[in-house]
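Sharing a structure below in structure tokens format, with a few things to ask.
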Amino acid sequence: MITAEQKPIQEIIQYIAPYGRILLVGCNECVTVCAAGGRKEVGLLASALHLNSLKQGKTIDIKEITLERQCDPEYVEELAPYIDGADAVLSMACGCGVQTVAGRYKKSPVFPAVNTRFMGASLGQGVWAERCKGCGDCVLGITGGICPVARCSKHLLNGPCGGTSNGQCEISPDVDCAWRLIWERLKALGMENRYEDLMNAKDWRPGGAGGPGKIIREDLAQ
Amino acid sequence: MNTESRLEKILASGALAVTSECGPPRGARPEKVKEKAALLKDHVDGINVTDNQTAMVRMSSFAAGIIIKQMGLDPIMQMVSRDRNRLAMQSDIIGAYAFGINTMLCLSGDHAKFGDHPMAQGVFDIDSVQMINMVRRMRDEETFQGGAKIDGAPKMFIGAAANPFADPFELRVMRLAKKIKAGVDFIQTQCIFNLDKFEEWMKGVTDRGLDEKVHILAGITPMKSVGMARYMKNKVPGMDIPDAVIKRLEGVSKEQQPEEGIKMAVESIERIKEIKGVHGFHIMAIEWEEKVPQIVEQAGLYPRPKV
Amino acid sequence: MEKFEPEIVAFCCHYCAYTAADMAGSKRISYPSNVKIIRVPCTGKVDAIHLMKALEKGADGVYVAGCLEGDCHFKNGNIRALARVDRVKKVLTELGWEPERVAMVNMSAGMGEKFARTAQEFTETIKKLGPSPGKLTGNGNKVAS
Amino acid sequence: MQKNNSSENALSPDRRVLVIGGGVGGIRAALDLAESRRDVLLIDKSYAIGGLMTQLDRTFPTNNCDLCTVSPYLSQGARERHLEIKPMTSLTKLEGEAGAFSATLVTEPRFIDTDKCTACGECAKQFPEAVRVTPGLDPRAPTCMRYPQATPFAFSIDMAKVTDIAALKKVCRADAILADDTQSKTVIDVASVVLCVGADLFDPAVLDNYGGGKFDNVVTGLEYERIMSASGPFQGNLKRKSDGRRPKKVAWIQCVGSRGINKGDVPYCSGVCCMYALKEAMVTRERFGDDIDTTIFFMDMRTYGKDYELYFNRARDEYKIRMIRSRPHSIVETAETKNLSITYALEDKPVQETEEFDMVVLSTGFRVGEDTKNLAGVLGIDVNPYDFAATHPFNPVLTSKPGVYVCGVIESPKDIPETMVQASAAAAMAVTDLPVIPKDREMDEMFPPERDVRGQDPRIGVFVCDCGFEIGGVLDVNKLLETAKTHPEVAVARAVGYGCSSESMANIEAMIKENNLNRVVIGGCSPRTHETKFQDLLQRVGLNKYLVEIVNLRDQNTWTHMNVPDQAQSKAVKLLNVGIAGVRKNRPLVDHTLPMSQNALVVGGGVTGMTAALKLADQGIKTYIVERAPSLGGLARSIRKTIEGEDVGVFVQGLVEKVAAHDNIQVLTRSIIVDHSGMPGLFKTGIQTGVRMNYMQIDHGVTVLATGAMANRPAQYGLGTCTNVITQLEMDSLLEEDTARIQSMEQVVMIQCVGSREPENPNCSRICCQAAMKNALRIKEISPDTQIFVLYRDMRTYGFQEEYYRKARDLGVKFIRFSLDMRPKVVETDNILAVHTHDFILDSDIEIAADCVVLSTGLIADDETTEDLALMFHLPRTGDNFFLEDHVKLRPVDMAQRGFFLAGTAHSPKTIRESITQAHAAAGRAQTLLAKKEINLGACVAKVDPDKCASCLVCVRVCPFDVPFINAEGVSQIDADKCHGCGVCAGDCPAKAIQLLAYEDDQILAKLDGLFER
Amino acid sequence: MSFQAKLTSGEFVVLAEMDTPKGVDISDLVTNVRYLKSRVDAVVIPDLDSGVMHLGALAAGAVMRQQGMEPLIHVCGRDKNRMALQSDLLAAHVLGIHNLMVVKAEEMINGDHPDAKIVDDLDDLGILSMIRSLTTGTDLAGFELRGKPQFTPGIAIPPIVDQADLEKQVADAREKIAAGAAYIVLQPVFDLTFYTQIIDAFTSLNVPVIPSVFLLKNVGMARYISINDPDSRLSEDMIRRIRKARDREAECIAIAGEMIHALKGISRGIKISALGWEDRLPAILDSAGL
């Protein structure tokens, strides 16, 4: 899942400062799940913006709407009836959503209200951690299901650096050394011998090094 | 003999090799490099030139290495995977080689978080093992990593680091094996203070016969003070400093601590010499290069053989 | 200037705080009439948005009153409420509003005195802070829904 | 109101229970029986039920308005379909035996058809002399009914006083006058009889020294209540009878007619007067502040009930009520001012003092009335020397005649909570004469089908209750209603007097129907106490019960802001706006139900627990007793004799054997409760049991807490260090085991209130005074020459215990008072004990040599255990760690957490007899819950909108009860019958897909709008 | 690795006790054991020795096997004579149950069938030698068995009162080891200092010593133990600790976890009794870092 978190509110306020009528758009997908841009956060942000304008002695008109998904044009189309009534759009979706909206409504300024952070997994209520870099060439099959690209601070593919202490990464005792985890898992699986297989320099193209990624399914695309 | 490296020659001769290091200055003053290198001049077989050590910006190891080379000494160019992608690395390697630098050390590098540019994006295009493999293929197969032929391949004597103390410990010998597999020629280890553990590691190395495939240079660091010992124990990742070391330094007065530190370093060398598979020493006198000759002499490693 | 009488909303849980408020009544303990109670089954129901909306609509202060920690009739609703209050405090701080305008308090059903004292103290706090920053400009704000 | 008669026989062929007396006790007993789905007939000789309590102003210790507190029960009485009420009716003959009595009832003519009478009051206005009025102080009463919420709500004519019947008939527009109404006689079959006729109050006119009935400004306690009552002659204004002026100085004189040996006196203590005098004085100070000086003349301050000592302390320390320990000699009226001079002597001063007061209140106690004496004869029950019912030594609700039970004051003087406990106990006993209810009996249908209001625009009715003085005295209700009327959706806005009275309820019902209302706002007291009542009202008129909002104008407004009416008024406007705005968004909701477990769990295997268990088990309820000790019996095992001389050991052994032999009881000794879950009616409790601590889980519908208390052993007065310093409990054993040692004692000193009524344990332990008397008398019996000194602070031998106190004095036991700041000292030198204390009468320090010092140590709560259980069961406790009942006055047995009932010393210190009563009561109350057979889970549950759900799992993770799950459709599902309704999921749902019904976001926001819009 | 293999190899063994239902609804048993897979080495199933009639250990052991969990069942001589004991053990082997613990039964008077007749045909030593006899292929009457069952029998030591008692128990245990006991399970520990002595004393017998850890559930239970079983040495401090905790249940789990953690260094294994709260076993294991 894509995870995001709300931008500092002052930044948002600055974006929309010149505008009086704001269309505040949430997304009911990833950003809802990671509590950054769902219906509830839309309501809270709207309220916060109201509070701000109250203090500034200004008037602000905020229309709240939450789309099923902001990264699909069909859903984004639902904004059409409201777009002319707004001076600016504030999107609480990930970057994909913001761009889809901006691409569809070219005359309206579209501002992001969240920072898209990473592809993460939920560790429990209210905790998300980065688990995938989208490198486009998954190595999990040989690393015991733990990704060295996403979870090693140095994306090391051939084992831990010399900075591990007590099984934790050198950057912080709160971060597990990915390679310690990989090693433990390989041992548990009886795959210790796999460790010494040399992992060659990675081809980063599928993950974006080869230019903006695009997938076209010939059988599905029209 | 694969290369023109002086270090390779020393090691091939069967003598114990000695290397030390020289951190380039944080500024464009070549004389600083020269001063440091001059201190080591007669006492070592190679001088490591660090690459943005501890993720702080310094003069590039490539440039500092050239300065040292021009002094007629033997630089060992360090290269970390943190700051360069494979293109930059390879171009620097052939450039360095063009200036006569023939020995290098492949590292992953400290994380940018520790340095003065924590906001920097770490590159980590390839890791240190892959770097070793890349340099080896540049040398032996005369091809770039991408597969193209090199017109004038750099014949580098390839080194890498090993930390026998970081955990998981059981992985440490395997990791060495992996580097050997990738094509490393020599290893400089992390500073050794826990000799028992180092012996245990070396036993793992020799049990697998790895000592016959690679030259291991044991890392030695003299402690300047008990404060330094404590700092290294608590703050430097991957360090293993037994309490005995700290106790011993605490046992002497503050003025005597530097002397005691040097004594301990010499004692360590004496003990490590006896360990099967150790082919030399890498003396890292952090900001204390002037003491390297003393250590080398007291440890009976002087004079250095001529090759 | 006319003496400032703040408008205060208290979200009270049915089992403890609301009962405590009744208890204060039956003991005839007086507290400022500024406090108006909205009853909820558990403070765990009080959404951050309710606190924000109350401020938006004109409250000078809002507090959530739940059971004592560990005594929530629904196990931990009051702990969740506290987390939400803290979040709203953070938002207010970022907006340059006084975070003291929202608060979480805890009391048991029998603590009529505590209810009155809390109401008194919170009212004092808000009186010291003065009217809500949203009111100062006198410029009303059309709330779109 | 009385139309239930026809249906009742069709419903059940069982015999009925006859409840005689419609005071609070009788109403409680009748309601308990009716709620247990037993048919019951309640008769009262008066023309309206309610008894004494309806005449009181406030009740202690909560100082609630009496009417407000009792009236919900009254009108509930009218509605229960198993309950028939016959006013103006008395029992004239009882034949047969328990289970099959034949009762002859005589009903006096009312001359008014209750079905027709609208209580318009025209007859009373035009023929005041002919319409029955409240007796006593009340020629100036504004109403001729006893009180505004009278049940039945109809007048009554004294035909003997009617001169022109035709004129009277003409006045009545409802054509309700029955000129030829006659006395009627009915004979009915009843299985058992519950007698709760109460007692009369002593008439002080027979005394010649206090001027009762002679001096205008000398009134009885009850008369003072009437004066202070909003429904009283002065509408709640405190006035002197002589000049209508508000008195500046009021005195109370205690024990008038009680605890005396003079002409007209009775020797017993009336038990309630100390508390009611304190209450009256406090309410006076509360209303009039420093304007009125209040003084109480007393002998012993008998605040022995639960938390009553704290009430006393508050009266003295916070309300600054002057307390004078003296029994005044006489009262003299000053002719011109009609002021009153009281002459009294102080304990430590030989001279008489005289002080003038504006008004004197005589605290008069209970007397059995002549009617009641006759009734005892009709019933054939034994009475004690003072004509109170004689009862079983271990069960105060059992009379000498099987099948006839008593409760309340007719058993012995007592206050309302104790009456309520006995009433429930008597009801539980009365059930034993009826067959067990077949398990498959159908439930009763109560309400007509609901009107569908969906899609209709709100038509709101706003009804504001003035609650007598409580609301109307502070707020301008009419102004409030004017504001309400400005809301466009408000169709009706009316004041309804006492909104919870039958009359007002009927009014509201009518207005809802007439105006086709679909939403209702009630402004009155707390929804906590009254919401159900008004929800029922809505259901009676075919509206969904969730279409009402209760606005708390009393508990959270007039009561707290009574001194600032302007602020109260403006807050009331806002609160009402909140209610109106909120109710617009209310939606009809459906309650969810589950079948109830018919098992009971009794925690604690002492006398209380065993008694409750037996009672439940006898009614076919599978009952578990969980006891942590290896055997049953509890604290009673260490008591040998009661004060009446009964052998406790034999009694306890009998109970243990009965319990062990009972098929429906499972005893789990050496058992500890370790976990608890579920809901009222469907609890699950985990227990470690046996020496190996095996774990088991019990399913049960109700829980009776009978965990008891601990004998206090504070390290005071040498207890634990001096061998001859012992507790009363140890003396109790000594008296049975070592008479020789008793005989060897020359002097025994008893010290009262050890570890009680002190800052660290401020309450009175209640039982110690009688324990001391019991042991003192036994010592005297064994060894008449032994000198006994009792050092006390107040002797609290309440009720008939007073007799033992008197007997002890007669036998020469010396009573020496001490105070906390001059407490006795026990000194041991060379194994010889001496007690030093101050004698107030001699005004000097004295020393008493003692062979034995006996400390009256009382009972304290087992803090550790009650805390553990309170945490597991989510139950509240008092400041001194006893369990806290739901309502100290009216629900002394029920806990705030439904399904939990409290009995015995886990509630507060009490005697075995009192514990047993409460055990029966708890069992009875538990049965009323189990009789419902299914659990109403309410409608306040979380509901997921699957279209909005993002399946994020937040609800699954945050629910404290693990109820939500992601269903086969891939969205969150919350089963209504599992949801506890806390709303945590709704508060955290990031997609706002979850709403908590009855507290939906739009409802809460609407309320905020209501608060701020205008 | 099997329980038996771990015992011989010297690895730390983790046992969890699970009560069987009084009745036939084994759903909790099955659910709870699922969460323990790969976390404990065997599940200990008490038999009727608790004095309460419930589903027998043999059947529950077979259920464990079905669930892929290794069972360890109690064997006691109070309710069965040598005929029944032998045939049950043969059945056990056939059902895949090879771990036994010979225990002394609770007094019947404290149980739920106080009127039942007590058999007591064989005592603990008798049962151990019976087991040995069966494993060598002969029954107690000397008849040869067709196929030899295999068992790893252990013994449970009753609570130790004092030093003298300790010596006596060690002596008894020595005798039982001679009779074939392969491991020792000790009673629950609440006081580590005293317990260490006990462990040391039994460790001298050269068979693995496995102490028990008991999950307290609340103050009431702790107090009950401290009053009724003073030999447990459950301290006031521990009761106070539970009482002071904000979440008493979590604190009790933490206490059990700490105890296990501490014992890890000084014993060869651990037996955890959750007494009905088997659903909390994973939490205890987490807390202990196992």
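A, B, C, D and E label the chains in the order they appear, each numbered from 1.
Methods note: a contact is a pair of C-beta atoms (placed from the backbone, for glycine too) under 8 Å apart; a residue touches a chain by one contact, two chains touch by 3 or more.
The structure presented is a predicted model; accordingly, all values stated were derived computationally and were not measured.
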Review point. Both subunit B and subunit C are touched by which chains?
Key: A
Exercise for review: Go through A-D and A-C and name the pair with more C-beta contacts between its chains.
Suggested key: A-C
Revision key, fill the gap. Looking at Cα centroids only, farthest away from subunit D lies chain B
Exercise for review: Please find which chain has its CA centre nearest to the centre of all protein CA atoms in view.
Suggested key: C
Point to revise | Rounded Å distance, subunit B centre to subunit E centre (Cα mean) | key: 57
Practice item. Report, in whole Å, the distance between the mean C-alpha point of subunit B and the mean C-alpha point of subunit D. Key: 88
Practice item. Starting from the mean Cα coordinates of subunit A and subunit E, work out the distance between those two points in Å. Key: 51
Exercise for review: Give the residues of subunit A that touch two or more other chains, as numbers and ranges in rising order.
Suggested key: 40, 43
Exercise for review: Enumerate the contact residues on subunit A facing subunit D in the complex.
Suggested key: 28-29, 32-33, 35, 38-41, 43, 66, 122, 124-125
Practice item. Spell out the part of subunit E that touches subunit D in their complex, as residue ranges. Key: 19, 22, 50-52, 106-107, 110-112, 217-221, 223-224, 228, 243, 248, 275-277
Point to revise | List of subunit B residues in touch with subunit A within their complex | key: 81-82, 86, 108-111, 113-114, 122, 124-130, 133-134, 145, 161-163, 166-168, 170-171, 174-175, 177-178, 181-182, 190, 237-239
Review point. Tell me, which parts of subunit D touch subunit C in their complex?
Key: 62-64, 286, 526-528, 552, 554-557, 559-564, 567-568, 570-571, 574-575, 578, 871, 874, 876, 878-879, 884, 896, 940, 958, 960-961, 980-984, 986-988, 996, 999, 1001, 1004-1005, 1007-1009, 1011-1012
Practice item. Give every residue of subunit D touching subunit E within the complex, in rising order. Key: 628, 670, 672-675, 686, 688, 690-697, 864-865, 867-869, 871-872
